[in-house]
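Note that the chains are named A, B and C in the order they appear, and that numbering of residues resets to 1 at the start of each chain.
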Amino acid sequence: MDHFVDLTLSGLASGAVYAALALSLVIIYQATRLVNFAQPAIALIAVYTAATVAPLTGSYWVGFVAALTVGAAAGALVERFVVRPIARVSQLNGIIVTLGLLLVAQGGVGMIWGNEQHGFSYAFDFVGRPSPADVFALVSVAVVAALLFCLYRFTPLGLRMRAAAFRPEAARLSGVKVGLMLTTGWAISALIASLAGMLAGPPFISPNVFDIVFVYGITAAVVGGLDNPFGAIIGGLLVGLGMSYVSGYAGPELATLTALALVVLVLSVRPDGILSRPTARKV
Amino acid sequence: MSTELLEVVDLSASYGAVRALDAVSFTVPERGFRAVLGANGAGKTTLLRTLTGLHRADAGRVLLDGEDITRLPAERVITRGLAHVPEGGGVITELTVEENLRLGALWRSSRRDRATEAEVLDLFPPLVERLGRSAGTLSGGERQMLAIGRALMARPRVLLLDEPSLGLAPLVTKQIFTLLRDLRERTGLTVVLVEQNAAGALAATDSGVVLNQGRVAVEGPSTDLLSDDRTRHAYLGF
Amino acid sequence: MSTSATEREPRAAESAPDRGRTPRRGWSDLPSPLRHLLFAALALAAVTGLLLVTGDLTALRMAAVGYTMLAVAGLQLLTGGSGQVSLGHGAFMMIGAYTMALLVLNLPMLPLAVNLVLVVAVAVVAGIAVGAATARLHGPYLAGATLILAVGLPGLTHRYHEVFGGSNGLTVHTAGAPPFLQGLVSDSEWKALVVWTAVVLALAVLATISTGRLGRRMRTVRDDETAAAMSGIPVGGTKVTAFVIASAAGGLAGGLQVYVLGTATPSMFTLALSLTLLAALVLGGIGSMWGALWAALAVVYLEIWLSDAVRAFDLSKDVENNLPIVLFGVLLILVLRFQPLGLHGILQRLRALLRRAR
């Protein structure tokens, strides 16, 4: 029973991270119908920024802010100068270019900091269940999700971004700078991915540290529906719990393949995610 | 002498190798209500899209109150006072009715413009009780009203409409044409109406331009065009 | 600025059906399988010639070019042909590699040819399982699912440590040159020859498929699934078939890799491998089997040249290990941006220029 409670609590904490990653994927998917496989690359850049800045300044939080800032800036720049001109041509090229970015980031980080693991500290104490670090993960992701909701629902910027995503041409005719909105969306998405990286990175970071985390993030987004932000959050928590139980009772190596089975299962029943309303497939 | 608010001079545009507009010229005076008519593929929609910068002009100029706006991107054209209600209205069905309206005024100020909103809603009473609903729940006529309302939220000087009658019942079409006339009388708005429904459009407007294969074929007061059998048979099909 | 897809279509369309009726001279007159087999024999002769004039080190590199080319060609058929992006190609190489290693370890009496056939069979079964499960997934969903496969599969070697040897993997000894050739060819040269024999045969099969009816069907599905379905093409079946063929090619490539290197470890089959294969494919030229050759040459030789360069400039091990990955990523992005048809596209254009000059 104790083991079960432990697994549940840790599952929720990691689920918060997957929810954040899934949410960051959904933001981009909604705007451009592109799954951004470069998201772990952004998270990678963010944590290595933190790992460099924090020791220099002696403050975890300066590193934290630097990580999120650099991550968001990287997202914006990549969208504007790399992804936009290429993804315009075809969806296939869009997917492939984000994969190229992932290669560059993983290799680049390895070139600078090496392929071996580096220690990376938690924001708060990680001992206990729930540990302060777990609580921080849950609370920070909840706060980000709430802020995001308010931004989209209640602010002029949010209205512009939604209009640009749904009907870019109509939005332009209403004076919305659609390109700028895309870049903003990527920046926000990258910010959230950076936060997810800061939460998922500890205790050790290496160029491949986010591969598995990203796998669960994608699983969460697929389960929740790639264009459903609420689905992404619920999907993240569900995947976090599920993977925690599978790892705890059956072994961690089976968790990824369970995720694969889950994705395949969900998509064969509901091609747009279990939380989506079934709609006619667009032709 | 009336002042020409919108001047189109030798405007040409193409899709790949296909020339869609070939040196089209016409003017619309301030407070004018002008119809652009022609068969399918005559270049009407391309004309509007080129006027508002959604499509690139190959040559020619578009002047709004003397200012050259030919190369202005679409999102800037609206700030000069040229509003475009695209074919089908371009209502964003994922947003609420109110959000659609607010979107129209956003370029002027991020602050909510309740005064203009009240004025616009005054014109379209059916929208009032549906403000909080998703625009996807509106009927075709209501969507067209919302689309026009959203354009009016920008307080434009010239309103371009692309086939507002498309898919609407004759009675609703008539209401919309009457409303556009009223609007011109009350606010001094200049209106350019692209229509397939030539008879209805000529009945409402003061003058018309007939496009044929990307060129201006005939031009003149609406009543003349209506009574000229040759034009009617050759280009307007009624 | 269109993708390779549309520009190659006219050639594909003109290929098989009308060839019987309009006789042309020579080469293109032959039926497609025979043509590809002849070509394979020529390629093999060329490789043998190259092997005879070069040393052992080159032999190993040429073997590496061979199996990499096969893996990329499989991906070519899948991505370039049927428009499905698989990030799990490395996973199928891994399945082939471990099958080969386990066969050599546990059933040492089996001859190599049987082993290779069994490797292909296992890869086909795995391909059917994954392909059938993912047949309904399109675009980003398929990429996501296969990404999970690529990341998850290596974990199994830790889970079943006693079978797969954990992170140390499996080490096997494979036979070299047969006794009667000893002294004539070295073990490495022999292995390179064996690899290339298998590779050119497999490539002939792939080329025949891709220029045949199935290949046309795949391209139709890639260009427009709805239109394909309406013209009576079984969309799901075609996609699964493409997936299975690609898996078989990947598996065979993995098996050959173990035959040459004598070892299979999980770290050989990371996500980066799958990504690199995809990058190489785009770099070589998506949509053409020739692209696979340029891709394989690039994968093998870029790594070698970069290592040499790194050592020449006395840079660190970290740089040496990661520079190829970074370069592939950068090249991938540049090719997509400025030269969507890849190296093959450049060569084709040069050829057209030369022909016009003549």
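Criterion: a contact is a pair of C-beta atoms (placed from the backbone, for glycine too) under 8 Å apart; a residue touches a chain by one contact, two chains touch by 3 or more.
Computed from a predicted structure; not experimentally measured.
Chain A has the Cα centre that lies closest to the mean of all protein Cα atoms in view. Ranked by distance of CA centroids from chain A, the top chain is B. With centres defined as mean CA coordinates, chain C is found 32 Å away from chain A.
The distance from the centre of chain A to the centre of chain B, with each centre set as the mean of the Cα atoms, comes to 43 Å. Distance between chain centres (mean CA atoms), chain B to chain C: 56 Å. For chain B, no residue reaches two or more other chains under the stated contact definition.
Residue numbers of chain A whose C-beta contacts span two or more other chains: none are found.
Of all residues in chain A, only 29, 34-35, 37, 82, 85-86, 89-93, 95-97, 99-108, 110-115, 207-208, 211-212, 214-215, 218-219, 222, 226, 251-257, 259-260, 263-264, 267-268, 271, 283 touch chain C in the complex they form. Of all residues in chain A, those touching chain B in their complex are 156, 159-160, 162-163, 166-167, 169-178. Residues 52, 54, 73-76, 78-79, 83-84, 86, 90-95, 99, 102-104, 106-107, 110, 150-151, 154 of chain B touch chain A in their complex. By the touch rule above, chain C contacts chain A in their complex via residues 1-3, 79, 83, 85, 87, 133-134, 136-137, 139-141, 143-145, 147-149, 151-153, 155-156, 158-159, 226, 270-272, 275-276, 278-279, 282, 318-319, 321-330, 332-333, 336-337, 340.
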